[in-house]
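Alright, structures below, take your time with them.
There are two complexes below, and they share chain A, which is joined by chain B in the first and by chain C in the second.
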Partner chain A sequence: MSKCLSRTSVFMSWLVILSMVAPGCTARMESGTDTVFEIESISAPRSDGIFRIPLMTNPPDLDPILVSDTTSDGVASKIFNTLLDYDPELKLEPCLAVSMPEISSDGTQYDFTIRAGVRFSHGRAITAADFKYSLQRLASVRSKRPNLIEPILGASEAIESARSSQEDAPEIAGIEVLGDLQLRITLKKPYAPFIYHLAMVNTAVVPRELVEQHGHAFSRKPTGTGSFVLEKWKEGTSLLLKANPDYFEGAPKLAGILYRVIPEPLAQLEEYKAGNFEVMAVTQGVFPKWSRSNRADEVLSWPSLTVQYYGFNLEKQGSPYAGDSDSARKLREAVNLSVDRKFLGEVLLEGRFFAANGILPPGILGHNADRPAYPLDQERARALLAEAGYPGGKGLPSVDLWFNTQGDNAKIAQSVQEDLRKVGIPIGLKMLDWGAFLESTDAGEPSFFRLGWVADYPDPENFLAFLFHSKNKGPNGNVAFYDNPEVDALIDRSYTITDMDERIRLLQQAESKILDDYPWLFLLFGRETILIKPYVKNFTPTGMCDDVQGNHVRWHLVQIDNVGTQ
Partner chain B sequence: MTATNRGRSPTQMAFKRLRRNRLAMLGALVVMMVTVLAFFPSWLVPSHADGAGPYGFAEQFRGAHEYQQPPGIPGHPLGTDELGRDVWTRIVYGAGISLRVGLVGTLVALFIGLILGSIAGFRGGRIDTLISRLTDTFFAFPSLLLMIGILAVFEKPNEIVIFAALGVVGWPGVARIVRGQVISLRGSEFVLGARALGQSDTRILIGHVLPNCLGPVVVVSTLMIAGNILAEAGLSFLGIGLPPPSPSWGRMLVDSKEYWVDMPWMGIFPGLSIMITVLGFNLLGDGLRDAFDPKMKD
Partner chain C sequence: MVSYTLRRLLEAIPVILLVTLIVFLLNAAIPGNPGRIRLGQRADPASVDAYNEARGYNDPLPVQYGRYLWRLFTDFDLGESDVKAGKSVNEILEEAFGVTIRLAIFSMFIALVVGIGAGILSAVRSRTWIDYCSMLVAIMGVSMPVFWLGILMIIYVAPVLGLPRTGFDDTDAYTMFRSLILPAAALGLLSSATIARLCRSAMLDVLTQDYIRTARSKGLGEAVVVLKHALKNAAIPIVTVVGNSFGYLLVGAVLTETVFALPGLGREVVEAIKQRDRELITGGILLMSFVFVGVNLLVDLSYAWFDPRVRDDRN
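Now for the complex of A and B:
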């Protein structure tokens, strides 16, 4: 019996060997840039005007106060509108407001006039009272983003009272209805970045009567003022949005948007090639091939507002990289000069990231385009290592780099480890799952760790205050435990200034002061890359746009060009 | 010239049968080859002037554009991976990990299994019931889940943790076989003889009973080594085995997952290594089983 089995297994194993080696001989990747791939992909526009988008997951929630992930954000932002929105240059512009708000000279009072005649998709016209109600909902217990209204006068008290009273929209004194279309928001104290909160989908206007009628089910039957209306939602399978013909900026050119949930990227790609999707997010292996193929014009790429970094815990006892001694600072600088970011961004991550030149990525106000990206300079790194007291790395203890299991992290970590080893800096690698990893970095456990930051709004304050202000040490975002009174002072001063240029100048000063201290290994800025069919017109993504979600794309202008078929 | 009229012990006869079994000898050859890889990796990999060592990074791989190259380019018989590491170097160093995990994991299981199994079989009664039910309990756990549970307790699993996990999962199989053997030998004449000479239980167990159970134990351990190599690969594939940059074959496989369309060699070679090694141990184990089977004729 056992002999018989063995013989079969030997035969089977030869079969497997043969079948595996055969494709191995043909599928070679050429290293030259002149190679052109021939990709079979159907790109005939469909005549029904439906724009089809693949999703990795079912959007968890479409009620604006519950939206806290990019998938939900992408769908909800087509159904709802906010007071303000971004133009293609990521400057704020009025949306449901007639104009930008009048801000009082002390920077605490924001006066809005609401656009007249805008209607919810069920027919009723919007009023200032709807905005008051919608903003107050963010203070309720169910809200996932109460922090967005916290700067408003009386909001903290409302959040507190809602916790005991379970009220859905507790009264907030700082939000006043001055007339049918007049809204005034008063802040506790000047906080200039507050205005960006009014462009986030969480602050979108919702109709009170429908929210109260549906209760928790509003998240499944969302109604807003947006360019599209939710028509059908098969949980975990698909969502169909229909165009809103009465949209206040004009009826959409598309008839609708169909989302289909397909968690497997390779399956998405096959469907895209078969002509079943108009767009798809680029995953491993797609970009190098498609950008050198007959379909290169379908690759669309733009910088996203993200930074990837390896932070040093500056307060970690026993870490040679901690503290503000000259030796520790030189060590941190040496680490920054030892890493081949070009390889990481262009080769390993296939252009989905590129070398960072600081903290603020392009697209963020105040990004310094003149500062060169951090170079690879092993000679200088070795010199710094010696100056720090570790010539050739002698005597330098190995610290562990902590990172979480997802995505490309392990690849990047191994490459960085090898780069550092070449210079003489030893590090170990420690891989954790996301939950355990976050918990330990918040608690300041690792002395060297990987993290990234995605902008909530395109303002330097969103990076510098959260990641470097000493009051935000630990779970609030400053996990490097960076503490520099000069930087704190610059950030604090920027809150009181409503003049944008002046604010940005202060924050730029803060950024360069931080850079001088090397609290991070500054690694990479992000880039979003998608495939999009050539017949799609007016799809204009910005840095605030997560791949195919198309947040802040002007969806009512997006068009499927049917010229060829008419 | 013939040895026919010389008496032979059952073990000698078993090895003779084994030598005649070609598949088993093929298995033994594979096992020997893997052992050579594992113990003398530096003989078999290209120079590492840059101190590449176990990570398998190719010398100056970035300058020379040696990353992501197919098999056969100079210096890299099996190609390079996404980071530019030599696949052959990693496979050779990975053999050490696989063999260590296979052997030591099995030894741990043997250690626990031999002790508990022989006590249960020899003592019988309540102790037997207790140990047998414990064995059943461990058998009832899905082994992969149990190992994941054990590894999850440790934030940074190293080889020792994996040895322990494999031992905890593997011992019930050994214990059950040993117990059966001990029970059948317990009443045999040489045990009675030893007892009549006044030997202690421990001495009888170690000196007379256990040596006579070794045949089946050797068979089961050989097969267990193969199972352990697979288990380590599976754990690494799930991302809870040895952390990067360790060149474990399972980890190499999982790293190759997203590249299999463009760089199939990244997955083929570690996959083949796992398959051939496991097959080798299985063939050898099967051969040993046949050889030690008293019903088999010369």
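Now for the complex of A and C:
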């Protein structure tokens, strides 16, 4: 019996091993020197005109004042409209406003004329009063983005009043209805980037009567003026938007958009290959294979407005990297010259990121395309280490690099640790859950930490002021505790200037000064990569578009071409 | 029997209270500020504080706990989700449990049919190729991780059978049945492996007993001997395992629900933990405790049905 069992066991073991190996096997065809993968992917368009998108998670909130994540933003931006929006070159353009606002000479007063005849999807025409109401809601205690209206005259007081009373905010003096379609916004003082806030979905117009009718549940039953209308939402499973035939820019060419929540990337990929999705966000392992396959035309990639960095806490007691001494600055420069960003971006992260050349990524106004990416120069790094008083790294204390558990953070950190070790810079690694990580960086606990930044709007101020202005030190965003009065002054001056070229010139100067101080290990800029079926037309993403979400894509123009390829 | 059941139900109350207390303490012990996590990097400290104040997270823990218990016992109100604004925890759990319970029943059905069938067959045809094959398949079943089996099914089985690869569709009974076949099979086959092995050994024990020989000598058919006389007496260990498995299935098969994109209880609670949705975590775990207490009670009661001696002891 034992002989029989052992023979059968061996057979079964082989069966198990084969079954485990099988899914990893891919048919391959040889083409010259390159190995090209043969991928079976159905590319026949559906006849019902529904555009199908996979999501990793259920969108938490669709009420504009609650939207704070990219998934909700992607869905909400199809249901709602704002006063302004972006053109394909990321320049602001009017959306629900007839034209760009008239701005007073002192830069504090913005006069808008609202488009006539635009209707909410339940039928009522929008008025300036709706915008006043919608902007004021951002001051309420439930709002997740009250800071967007803080520059408005009287907004801070309204926010404070709402917080102390735990009730609705009182009227904000700086938002005035001048007529049915005339809206005036007055700021406390000139703040040029404010205009970008009016293109963010949080400031979208909502119908007061439905918000009051549904209360908190408005987030589950959103109604706006957008190109699509929420038809059905089965939480955690699917969300169906149907085309709004009365959309003010013309009826969408799609019949609808169907989101399906599939948390497992491999399952998403199988559904995409089976022709059950029009798009899919590329995950680990997919990009290298698909870009060298018979389906390479389905890979779409574009630079996103994101930066990944490792920050030094410049006020951390006992850290050799802290402070503005020459030695500390040289150490930080040495770290910047020791890391092989090309390897990180192209090999480790499979081309989904690329080497940073500063703070502002391509696509942000003021990005300096002429500045080369940080080189790998270990010799120079060793020399700087010696100049800083640590020849060969001797005597240099090890600090921990803190990072959170998400995504590729751990493997990037391991690679950076190894690069630094080669030069003689010792670091340890400390991985935390996101909540614990945020709490520790707010408190200034780590000496060296990993963070990233995704643009809210394509203006350099969104990066430089939030991340480097001394007034934002600590939990307000400047977790490197960078403090440079010259940089502060340049940023502050940029607020008062409405001439865009002049503003950008000032902010570029600010960026250069920050780069000279090396408060970060400037690491990588991001790239969005998706798979998209060849029969999809007019899906034109910009840097503000978060993978398949299609934020700021002109969805009413997107269409499914009837002539597909099999 | 009635008093036994009542006593067990009363015993469940302190268990549930203890669970709520432990979950509350754990929620408080996890590092991370709930307001900060919900509002993200862009929020200023005043907004974070206002969020926590509005949600009552700034109150002392005993106050929060007392408020929670009061709501629970007066209205059976589990609160509002932190993450899904405007949605009550009761509603979320009701929807998620609805999916999980269907999946659990379907997969348990598969597990019982396959597991008990294979177990009986192995015991009756002990030490034949049927026995070896079914036990090796059972070993394979208990060894294979469910997410792996699930992915294999999505890649290879779904296209062949024309079944949906992922998702849950309860538009009508037929589409729901189709959307649950693969996940239920993946889960059920794994449970069936354990049941088959246990059923085989229990049946082998029983089949050698004197009363089985007596039954056979009375001229009863083999099917009656095995299914009526042997199986019922071999049932107690099987019921214990089935009860436990069913309990685990009811509290959510996280991996299966993730791979097959089913919005069930397990996935919902894991997501809540990831996003620190305190109300949903507490409500979810509370529901899980109820389910476990209930399933264990049912298992205990079923012992009495299978074995009258147990009933006599309790009386």
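Observations on the structure shown:
Heads up, the rule we're going with is that the second predicted complex is superposed on the first by the 524 of 566 C-alpha atoms of A that agree within 3 Å, B and C clash if a C-alpha of one lies under 4 Å from a C-alpha of the other, contacts with A are read in each partner's own complex, and residues count from 1 in each chain.
As a working rule, contacts are C-beta pairs under 8 Å (C-beta built on N, C-alpha and C of every residue); 3 or more make two chains touch, one makes a residue touch a chain.
Owing to the predicted nature of the structure, the values given are computational and were not obtained by experimental measurement.
When the two structures are aligned on the shared chain, A:K411 is found in touch with chain B, with no touch to chain C.
Of the two partner chains, chain C is the only one touched by A:S238; chain B is not. Once the two complexes are laid over each other on the shared chain, residue contacts for A:L348 go to chain B alone; chain C is not touched. Set side by side, chain B and chain C differ in how many residues of chain A they touch, and the one touching more is C. Of the two partner chains placed by the overlay, only chain B lies in contact with A:Q284; chain C stays clear of it.
Contact with both chain B and chain C is seen for A:A436 once the two complexes are overlaid on the shared chain. In the superposed model, A:A369 lies in contact with neither chain B nor chain C.
Shared contact residues of chain A, touching chain B in one structure and chain C in the other: 5, 9, 16, 20, 23, 432, 436. Residues 30-33, 36-48, 50-51, 53-54, 80, 83-87, 92, 95-96, 127, 132-133, 136, 139-140, 143-144, 147-148, 151-152, 154-155, 158-159, 165-168, 258-261, 263, 267-268, 271, 275-276 of chain C are the ones touching chain A in the complex.
Within the complex formed with chain C, the residues of chain A that make contact are 1, 4-5, 8-9, 12, 15-16, 19-20, 22-23, 57-58, 60-61, 63, 66, 68-69, 141-142, 144-147, 163, 166, 214-220, 234-238, 260-264, 266-267, 270-271, 274, 276, 432-436, 438-439, 442, 451, 453, 456, 466, 475-477. Within the complex, the chain B residues that touch chain A are 23, 50-51, 55, 57, 62, 65, 67-71, 82-83, 155-156, 239, 243-245, 255, 258-259, 261-265, 268, 271-272, 275-276, 279, 282-283, 286, 289-290. Those residues of chain A lying in contact with chain B across their complex are 2-3, 5-7, 9-10, 13, 16-17, 20-21, 23-24, 27-29, 31, 283-285, 288-289, 340, 343, 347-348, 400, 405, 410-411, 413-415, 417-418, 421-422, 429-432, 436.
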